[in-house]
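Here's the structure, in structure tokens; my notes come after.
Chain IDs A, B, C and D follow the sequence of writing; residue 1 opens each chain.
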């Protein structure tokens, strides 16, 4: 239990968090709250849970937030919290996408660290401004690309880095879902409504919602930088305003190639994120729904099943693992690992103490990369499926 | 997020817990602490984490327990806590097996509810005394047979109860592991030491450690009562004092039959708990390591894959589920479900309010059944593998 | 294509076969005919395809047998064929079980080699007489326990023999089906009728039909001899005269133990033969329906997937394999391997030439072992599930 | 056993075949010979097994061909056989790719039916000439795109045709292998040598060898016609003259889209052909290595496992199936189905009798389509990965 053992090593107190968005009924807010509690590093002490002040207060009450820290607006929260001696150490942003940027700016300017849901913003320009602001503010910015927290994703990344696959040649990544097979956004389904609305989601639909996860995962595991892409985005469902399927060819710096497929109309898939990486000496495969397993084939040898915390899993997986092999971990544990890494980074920042070099988490730069990826894919698709260089 | 939404419905405060055993380095203590935090229903405020007072204090400090509630003995804790106005609502017992009984008795006698790890005790007589004491005390007793908390186990139970399998004929349950393939108890491995020591584990080794889990799961899903068993317990590893493999034939009341296999020397298995149930109209299969899936075959139709929170999963699964289908849940979520059910039961008991009839959790009676199962298996094996009736 | 390359090495002609039973509409006769054609070692030139002479002739015509070798009785066939200069080299017996013995005796006495479907006979005494007759006749007797022909079964056997699993401790074998879930024998279904009729199938139902396959496979792979068994045979379907489910505990000579489960009422299983073997150093698992794969776990290392003709598969598998890895082989290829081994043995016997020591096939002795296994299981079950020694 | 039962219905004799290419040591020749024997519809009576006359004779002898029908050249074989009263009914062409066209022309011109391995030729022009010649000759031309013979591929095709998936939106097909991960063609490996040699394989490497299989399979199952493609062909291994990896975007007539990936450097894959099809009402998935299974998800319902000959499989699968469900069929059975369909078509053609409309097999037109596909992919890749219309 490496994670629990490390608790309180630096500051001997829990880190204090506030949340913007994520009131009652919001799926992702609840996920963040479970994740932050998992390893007992944090307490949630403040919130502006809704843009509707009454709803914000009600949510705060339900969540056990004291009345004086239940804010009606995120601006108030930034102003008041920074002035309190027991003010929040960091803010969690779980609003709809188009508000990520404005909220993050307000807290960074107030000198408060940020933990933000993906995608970073809705435009590349907004993302670039945010990157700049993070730099000048000197504050931490943790982007919750949660799949990077899975132990076997860490294991895969370590194996690639150690050269166990040789030179990487091919990256095949896919993220099929089927929940938008029919026009549910026209029936008032809330999750579908904002995800298919350009005003709230930006220029990308499927590409922004899940394509970015696939892209981020591939880069995280392989360490490769994308040089150019060629995309075909499609809206299969009549009347849909954003893409619900993305077929993308990939060219990485250094010569690796691959493809990315994300879809919200692939009947039979729930959250079918799958990554396959092939090198000159080996290949590996990982499937999110069965996250405790990693398949590895050294060229010319039988395929091997590496299990989380089992034989063949190394220290990169072990440090973000809680239970023994054969007892599965899930999505929430992976999400919590992002929070635990954030806790280590926040304590080091706040205490001005050294940070374990093994700590890794997605940053504002990853968020900007994701926005550029979306923009390039949309540009390529709109221009007749041509190669577009990532800038 | 049904679970989060239900928070504070009754008492508008977190439930207060103390823990006996489970200090630093103890695996199962840490699991219980994560589980109790998952849905934010509890706070851990007191502890007697070790029989060594110095170690108990150190653990308490690390776990953020205030000094006045870090106890050197469980007896002190029972006496002092019951007298506090903010005393604990329930105690968690995560000591070695032979201490479960004495600790439980102390807290029940003090009028404090109990959450206890399995197995209940080390002898049937102790277990029977405890059942009697629970009755007379009027207190709740929650036994953490955690596999009953998995959503697809709940789903399976509901399907059997609804008659989707017809009359149950066969129950095939197995729990293979391989961690005792070699004589690690002779090398000082702590987990192996007490689990292979009759003084600390009772008369059963493998049968008590994991055979009881398999037995409990089969009964939970099918609702069947075991009438008799015939067991062959074996110690394959030279010098081992308790069984490391159990082959058991099962006869249930009403005519169903089956077999149970548990092993700690089955190379290639981590925690291979698997249940298969066959009836006159259908069959189902569930594997703990892949807990989000349930296979169901209606006779004469194609096999179906029911996924947690996906198509085909009903309300029994939904009420103990946190994330959407395709995003896996794991062992800790299943364990947390036992705690969340306990929270609902504790609030109803403390507030004298009605309890949702859907709430289900293993009790002291399940613990007694498990002890009788172990005793019968040992008796059968010692007497030449003869049928022994469950009393 | 080692098999094809070896063709005609000894006699430069195809081996001539006759068939008893297996006329039109009989499933297993057609399987034998495809199997004997697969590697072009045999030609089918004579037959007594039915006890009804008219039907026998009609089947012969359809199968391209010349009129003078279409026999109305097996006795005629034995008498006439042995006298022909181009008479059959061997007879294939695919009659209902109770006729295996009489037909085999007739041909052995005539000096003709025998290829016979399992089970050998319907009683142990008949089987013992046949063993004796084979000895005195000096003829070959090949029993088509076809699962022993699968390449990965050969691979598993070779790995056990080479000590890759260490000392074998546990054998878990099962063969679940579901086709007798309902009382189809009462609806005139032909396959079900004779298989549930003691007069035609002997004292065992499920145990004789598929339990013997499981038993034979376990012995073939491990090389272990069964010392004793304890069986619980059940007829779940009302009115059924023979067992449709068998739960058996196993004790092998030398200390290995295990269990065997065979069932014809396990809804969701087609031909679910599965073998798992565990030793002091490793474990392996093989599933008939996915016969091209063998799972092997060296203790303390990741599980490995050995594929037929792929990395990790050795010469034992290679010599009975036709197509490259990744292109599946099936049931018919496994069955054909028995015939190809038989061809090698027959040529060596006929030509009085040396036989490749790698050749292996089930014999009349395996058939007798199977009959003893059935008898012991029935005896154990009838006497209250007691241990019965194999004689 | 529908297939065996149908034997001799038309001509009451076996069909006579000759073979060009496929002498000893040639993998695919042996596969064709097993396939033609499987259902006893054919006899191999003539051959020009090698362009080296001595080797041709030796192979013929080994294969049991009479000396007067062991030809030194395919031209001789065509001339002589057509003049014999017992001449061959059809020729099998299993030469290297560049000889398919010349040999086929010689036999078609002689008035002999043709069964030919894929790809059809090495250029589109050659293929078009062959299509024309087939038309004018009035002879049958069977292209052995063997994967179309698998029962579950037939099942999938029937389900799409019956509208069970609704309107098809997406086709994801892949065929990864790993056997060319290293430059084995430089070590004298024969299979690798000709497959990576433009002179013998044509302009496509991986695209021609296995990409065409994937393309053909997708079209066979969906019935969709490809409108345009955009391809990125890569040679990852230094010094390799042809592509060893293909990434292709697909646009079908009517609006369906998809992608095709074929690779010979994807470490861990043997013959990983996999097809996924998604429509407005359902999705399905089929994997060649596990050919007995078909996964089908009706939108909003649990995923179903349809097994060959099991529940849910219809008549399209049943008519090309030999053994019951749960007993696997393999590659050779699928290949044999092409031959059995060919036998039905040949008998109808020779006897001038009606042909069962259920009979389906790949034709010279499919071969031309494949050549156009290869040409378009090479053109797209050479011109900077632009859309190329299929002509």
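We take it that a contact is a pair of C-beta atoms (placed from the backbone, for glycine too) under 8 Å apart; a residue touches a chain by one contact, two chains touch by 3 or more.
What you are looking at is a predicted structure, and each value in this text was computed from that prediction instead of being measured.
Contact with subunit A and subunit C alike is made by B, D. Relative to the C-alpha centre of subunit A, the farthest chain centre belongs to C.
Computed centre separation for the pair subunit A/subunit B is 34 angstrom, with centres defined by C-alpha atoms.
Computed from the mean C-alpha positions, the centre of subunit B lies at a distance of 44 Å from the centre of subunit C. In subunit D, 269, 296, 303, 307, 310 are the positions where the chain touches two or more neighbouring chains simultaneously. Contacts from subunit B toward subunit D in the complex involve residues 296, 300-307, 310-312. On the subunit C side of its complex with subunit D, the touching residues are 1, 4-5, 7-8, 14, 24-25, 27, 30-31, 33-34, 37-40, 62, 64, 177, 269-272, 288-292, 307, 310, 322-333. Contact residues of subunit D toward subunit A in the complex are 165, 169-170, 172, 178, 181-182, 230, 232, 234, 236, 245, 247, 249, 257-259, 261, 263, 265-269, 276, 278-285, 295-299, 303, 384-385, 387.
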